[in-house]
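There are two complexes below, and they share chain A, which is joined by chain B in the first and by chain C in the second.
For the complex of A and B:
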């Protein structure tokens, strides 16, 4: 019988992957400063398939804390925005993921999660930073989030289909 | 890499504590002039800490926050730019928010430094996350655009199974978050440098 994988260890590993993907993301040009593609959310999509809910929330906590430590924004509004968006997104993705995949694929899960996270961040930015006028940029913000989450979801689907690593973990958690 | 003068007088823990105290002081007084002065001071601290200041980002941030606040006019009209009335209330409120937001980012940048110990289980876990981050980061040269899935999968297989199943040996040294530690097999790889250089 194959050796069981420690869930905490896998969560930490996925957290490390989140930070790695954040680093990769900095290589892509950004149309507007502070706007991100969100490829660091890819491990959270993997986690939906691999880990139970509490570990997914732990992964989100590790991801945002790690990113906050590296970028130095752990003690700022940026961290709170990131936390609110990431936790909301993960909770929505987890809930939607429970719907059978014939109705909602992982791409749909990714898009809905991103939309939820972006909407929460928009509401916070309207409430605390930009004021009501920030709704003007909402369509652009949500459109970019939808396109990038579609691409991330698509990548996740293809990766999970081909990945020997994911395959090697199945049934061992 | 620029010299970090602050680390000569403050340990990471005291630096974090001092930063948090300054932040409370910053938030306690609402005067725009006070917050602008404190933000300038925080900027000075960031420079003392040897960190890069992303001038363009901060200026754009304050500009956009002020601009969006101006779109909801309130208070005395100072002047009109075409259809847009520049009102005193909206202008001051926008500047206040923009400067506060920027000040908080700057004090956060100053306060958080390698060697900061996060106590308890979370601290240990964060250490593990950074450990894996370093291990994966060492392998980044293996990523190929034409076979992103295959190469990433191969990196994950190698990294996870070479390191992931003997965590106890490494757990003790991972209590401290030291994310600037160079990767073992590539001395020139410093992940924090990578972030800072790419954030421009």
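For the complex of A and C:
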């Protein structure tokens, strides 16, 4: 891992990790294609600490492409849906992460990112896919998003605190 | 947990609870089934006995209603999440087939609307 000091190499490594986690995520049943646990967002939380903005956006593109490949939705409009949610979420996470760390940790970053992405997807599904009655999907969608984003944020905080790998990369890219 | 973490968590919990409370405010004694496919919608009484094909962008989705239990038995979508969703029977529950734009939900009856069997 010590060799991974090139930004583009690290982006592709994290993209591969997203692909792997998307495959794990795919094992869990879900009621609509875009309602995921969100574990594939973990590499994005790491990337916030390690990579500049354009590389984070590239990583998000790799993540949604991987998810599209695994679920078979790459060539459908469901992909655009994932893209809208993921990019909104990543931009919110990036902005919140810019707030000094005495105010916010990756837990808050993760929760706000998930909330923003979920709200965008809810609005899109009501406006463009199903219609007004689709608001009934909101409780389940927001509940899953809140619980999983909290746990993923907590895991990221603990992992980054202990990881020799993250420590060795910080400041070397 | 830092101050913005707690604020974010509280906001997320508040929105979840708020959306949940809006969804369960449905009265269980007057339910109806709403099916949306594409830009059209159909409303059926909860005690209907039907099996109907709905057309969408990827093909056909078959919705069955029997003794107040609603399920999707066939669909031309790739993931078949709608079929795996199983059956629904109480107010606020739903089944969605996103690729085929079919959405089925059980909701409280709205005044002044005709149902699918009224003519």
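The rule we apply is simple: the second predicted complex is superposed on the first by the 160 of 173 C-alpha atoms of A that agree within 3 Å, B and C clash if a C-alpha of one lies under 4 Å from a C-alpha of the other, contacts with A are read in each partner's own complex, and residues count from 1 in each chain.
The rule is short, and it goes like this: contacts are C-beta pairs under 8 Å (C-beta built on N, C-alpha and C of every residue); 3 or more make two chains touch, one makes a residue touch a chain.
Quantities reported herein were computed from a predicted structural model and do not represent experimental measurements.
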Simultaneous placement of chain C and chain B on chain A, clash or fit: clash
Partner chain in contact with A:115 - chain B first, chain C second, else both or neither: second
Partner chain in contact with A:23 - chain B first, chain C second, else both or neither: first
Which of chain B and chain C A:102 touches, first, second, both or neither: second
A:76 touches, of chain B and chain C: first, second, both or neither? both
Chain B versus chain C as contact partner of A:131, first or second or both or neither: both
6-14, 60-68, 150-158 or 186-194: stretch of chain B that collides with chain C: 60-68
Overlap of chain C and chain B interfaces on chain A (superposed complexes): 33-34, 71-73, 76, 78, 129-131, 133-134, 136-137
Contact set on chain C toward chain A in their complex: 1-9, 11-13, 15-16, 19-20, 22-23, 34, 36, 39, 41, 58, 78-79, 81, 84-85, 92, 94-96, 98-99, 101, 103, 105, 107
Residues of chain A that touch chain B when the two form their complex: 3, 5-6, 8-13, 15-20, 23-24, 26-27, 33-34, 58, 61-62, 65-66, 68-79, 128-134, 136-137, 155, 158-159, 162-165, 168
Chain B to chain A touching residues, read off their complex: 16, 19-20, 23, 51, 54, 56-57, 60-61, 64-65, 68-72, 90, 93-94, 97, 101, 104-105, 107-112, 116, 118, 122, 125-126, 128-137, 140, 143, 148-150, 152-153, 156-157, 159-161, 164-165, 167, 177, 179, 191-192, 194-195, 198-199
Chain A - residues contacting chain C, complex: 29-34, 71-73, 76, 78, 81, 96, 99, 101-105, 107-108, 111-112, 114-115, 125, 129-131, 133-139, 142-143, 145-146, 149-150, 153
